[in-house]
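Take this structure, written in structure tokens, and hold onto it; I'll ask about it next.
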Amino acid sequence: MAVKVSYNTAELVCISSARLLEDGKVVFAGAGLPLLSAILAQKTHAKTLTILFEGGVIGPFVEPGKLPPSTNEQRCATRANMVLPTTDVLLLQQRGYVDYGFLGGAQVDQYGNINSSYIGDWDRPTVRLPGTGGGNDIASLSKVIVAMHHEKRRLVKKVDFITSPGYLSGGNSRKEAGLIAGGVLKVVTHLAILGFDEEKGVMCLEGLQPGATVEKVKENTGFDLMVKDNLYEASAPTEEELRVLHILDPERRYTTARGE
Amino acid sequence: MERSYLELREKVEKKDKGLREKVKSLSEAVALIPDNVHVAIGGCHYSRTPMALIWEIIRQRKKGLTFSKSITATEGDLLLVAGTTRHIITSWFSPGVTWGVSRIMRHYVQSGEAQYEEWSHMSLGLRYKAGAMGVPFLPARSMLGSDVFKRLSNVKEMSCPFTGDKLALVPALNPDVAIIHVQKADPYGNAQISGFPFMDKDIALAADRVILTTEQIIDNSEIRRTPDRTDIPFFCVDAVVEAPCGCLPHECYGVYEPDFNHMDMYVKLMMEKSVDGVKEYLDKYFYGPETFEDYLDLFHVKDIVKATLSAKKGYGG
Amino acid sequence: MERSYLELREKVEKKDKGLREKVKSLSEAVALIPDNVHVAIGGCHYSRTPMALIWEIIRQRKKGLTFSKSITATEGDLLLVAGTTRHIITSWFSPGVTWGVSRIMRHYVQSGEAQYEEWSHMSLGLRYKAGAMGVPFLPARSMLGSDVFKRLSNVKEMSCPFTGDKLALVPALNPDVAIIHVQKADPYGNAQISGFPFMDKDIALAADRVILTTEQIIDNSEIRRTPDRTDIPFFCVDAVVEAPCGCLPHECYGVYEPDFNHMDMYVKLMMEKSVDGVKEYLDKYFYGPETFEDYLDLFHVKDIVKATLSAKKGYGG
Amino acid sequence: MAVKVSYNTAELVCISSARLLEDGKVVFAGAGLPLLSAILAQKTHAKTLTILFEGGVIGPFVEPGKLPPSTNEQRCATRANMVLPTTDVLLLQQRGYVDYGFLGGAQVDQYGNINSSYIGDWDRPTVRLPGTGGGNDIASLSKVIVAMHHEKRRLVKKVDFITSPGYLSGGNSRKEAGLIAGGVLKVVTHLAILGFDEEKGVMCLEGLQPGATVEKVKENTGFDLMVKDNLYEASAPTEEELRVLHILDPERRYTTARGE
């Protein structure tokens, strides 16, 4: 029985990203949507997914309705297995204990580089964004999933500033810079699931969100996007996923609809 | 600002390291901080912020301070608008994702009036750790290739002499003063932190001087019953101030959650009126009250009771 | 023995890191250790030694193991005489100052039969720490100029690119297996250590595999009530064995002091009869008993009661 | 009223060393006699002397009669202010938080280098000693007091192996090796208190223990010992010092008389 479920773009991104997180793995989640999405995965298909937060938390079970607006506050430690110093929890990535880093993206380019620092000139920016936080470390040291809204001004050819490194200038440049592990795995938007061409280190369209078309994706992307041969269509959020999501974020603090 | 190893050691060697009482008033403690020095702030974002000390620093009209903090929240706005600092070393700066980007940070940084020196979170932690360990740098595999790295003047790359791996070298950060809030400390400065340790142990060891505020001063005999819970040893510490609710409106793990109503009120004011809004806030909450107790009195009891109850229930569920 | 960063990461990435039960018997756990690998031993000197695991390692007649340990006590004698190892990496090796220099260590090292690879205590600690941090080395200001440094093949000197200071670089040590005894662990491997942490947190993170023995297996919900007391996270751990009195005759902080009568007896035998004495000891205490419980049964109840009572009274005075 | 007190050579060394430890300072004490001596100082003239032990202990107050034979066992933590990881407590010296390192010496040479590793050839030693422990770190990073029995075979021209560095080969050699802080301050024996010539980095006789003579000291020293101009005679252990010492070490585990 096909029930028409309704969801907004933010909910779609959140649910679609959560699906990528496998049971038994370790995910380092940033504040905001990544945090919500990781907890959603834990409450649905990935019961033994271990979440790490920058504040210094291993394996918490955050309470529904009490999602904190920072990964550095005490509610993030709810029913945690371990609480440890910030530097030490970040170093777990350097040691290789983290399967996925999970970030939001303000501006991402074709190489998966993320900018969360400067729009415009570095010295006199139009917008000074909040900065890297643990983002640079996550992107330098782990395989990364980026969750974001799909807009031309957000998916750009070249970011104004590489806060969190993707494949830098493509090809072998990431490894040559010294970043021999990690790299961007997927970028999940409300229109598409984007992967990377392994050799070129360049973003490509792998899957379409329900209802999206290649044309629409291309229209909303700031560079010429490669399309993979075996393009698939992702399935829509299920009632169950939405139900759990709404329990987790009843006030819609993280899943406010964003303009199409 | 870079000092030699022997200069750094000298500061520490000259400290009176005897087991002696160091309890001071907020104003006495803050008087230990000169102008134009580097102050590291303990806690992270809006958790375990030494707000009582920041409150007093602003009131004493300190000038030319450089601050470093792992993640900077509303206290960064206040220090900028009060004119206390024009240079903040941190990895992230805003009240929190749901509240948006700080207009104050944007105002001062976009105009070039203030410098927000951006390090990756781990790199900043390693800088403190190098400072705490007494080495001039630590190697890392982060920041390489990024513009964060390019924009910094005091980082280096090296090829590892053992493996040939390319590594980032981050320089030690040894603040002149560390200001840290803890749940418990004895009169000598032995401090026990509950919950998130953040970078505070490293900050305390890296700094020349350490000023502690504590929710509660406890007897030294209590410390000695659980010495494996002590996070900061007394001989690092120069002043201990008893400051219950010393983080408000920010949180203190296990004691109170943030006062979110107050935070919402502040952010609204700041986002709507920018610098003028924060000036209003400073007038009312920082310059107005005569004592820190009077500052606390401006909060709503019902909010504090709620924040306290939630925190005390704990998170062990 | 040196492995590349990607090789080291691969071992860790391939671990099943889910929150799953890992409780095993002593013999199942020790069966995870192949011959000819590097095993790091937790604890220090005769404190929190994972004796139950060493007991079983010797009984399973493992061969060609390299051991590292911050300070080596009587367990080093036993591993040499049993033929388990001919290579021990440590900073000090003997039962204790009042007991004199180990005749076993002297016998094997002076004859050239075994290698005692000597590092300074801090350097060895930094090696584990580098391994835990995922960097190939850490810088230090120790060992320089000494013959300890000269005699080591895998240390380097560098001139600091920031300060020009001459520094020693100690290479990361990433053991194949870490064996660690703790006071409390849950079935998933979350471990909480009381008292001296020694180098155990770093050892656990540096190693490919971690085998824990614990005085007591506790429920995961108990861990979650005090997550800030957890020292080793579950995803590092490959096996958890419940082994009460698992350090005897050595001590376990807060649970029992050393069985000094037993230690005196052992040292007397070892000092008087050297290798033959230790063989006698192994026959009686290691090869003789059928189970670890039977090993414990060879101790005197009055000694254990005394050791337990003293430790449980604590040291908070 | 001069009372003739009786004491053995080990007691003399212990008490004489303890006197060097000032109140309000921090001392890192090795196992055995240094541990006993530091606690003696704390129980007599230096009430707020802070003792650090290698096991990871800051500021313990060890109970009389319960002196442990290792600085890594739990009785060392009695009434401690802090217990911390081994590496971290050793690093406190590198940071500069330790005023004195306090070691025993198996073999010490004219430059204050200590050997606790090899007698004879390194590859096939006559005696393999227990090794450095924290000794090398203490001697590399802190100002050091060495307590030892005065014998020709122990105070030698050149040690067989430099376990813990003094002034290496004298002159500027310690600094040139990279050890820019610390250095041996005093060597305390049952015959003498020995200091170092600052420029040459060479041991010299500063004080005589009660009853000792320059001749006797020289006779028992394995190299040509310089004598300072203002040579002094140390005062004998007091009854009070001996009384406290005997309470601390009633079984004389650390203060057995050693042959003259």
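So that you can tell them apart, the chains are marked A, B, C and D in the order they are listed, and the count of residues begins at 1 in each.
Please note the rule applied: a contact is a pair of C-beta atoms (placed from the backbone, for glycine too) under 8 Å apart; a residue touches a chain by one contact, two chains touch by 3 or more.
Everything numeric here is computed off the predicted structure, so don't read it as measured data.
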| item | value |
| --- | --- |
| Set of chains whose contacts include both chain C and chain B | A, D |
| Pair sharing more residue contacts (C-beta pairs) when A-B is set against B-D | A-B |
| Computed distance of Cα centres, chain B from chain A, in Å | 29 |
| Whole-Å gap between the CA centroids of chain A and chain C | 40 |
| Whole-Å separation of chain centres (CA-atom averages), chain A against chain D | 58 |
| Chain D: positions in contact with at least two other chains | 57, 77, 79-80, 83-84, 91, 94, 180-181 |
| Interface hub residues of chain B, defined as touching at least two other chains | 5, 134-135, 140-141, 165, 167, 195-197, 224, 227-228, 315-317 |
| Contact graph of the chains (line, ring, star, complete, other) | other |
| Interchain pairs in contact, sorted by label | A-B, A-C, B-C, B-D, C-D |
| Complex contacts: residues of chain C adjacent to chain A | 5-6, 8-13, 16-20, 132-135, 188, 190, 205, 220, 223-224, 227-228, 230, 233-236 |
| For the chain D and chain C complex, residues of the former touching the latter | 31-32, 54-57, 61, 63, 69-70, 72-75, 77-80, 83-87, 90-91, 94, 104, 117, 122-137, 140-141, 161-165, 168, 173-174, 177-181, 253-254 |
| In the complex with chain A, residue positions of chain B that touch it | 44-47, 70-71, 90-94, 96-99, 101-102, 105-106, 109-110, 112, 116, 118-123, 125-126, 128-129, 140-148, 151, 157, 165-168, 195-199, 201-202, 251, 253-254, 257-258, 311, 315-317 |
| Residue ranges of chain B touching chain C (in the complex, touch as defined) | 2, 4-5, 134-141, 154, 156, 158, 160-163, 165, 167, 169, 171, 194-197, 221, 224-228, 314-317 |
| Contacting residues of chain A [partner chain C, same complex] | 23-26, 48, 50, 57-59, 77, 79-84, 91-92, 94-97, 99, 180-181 |
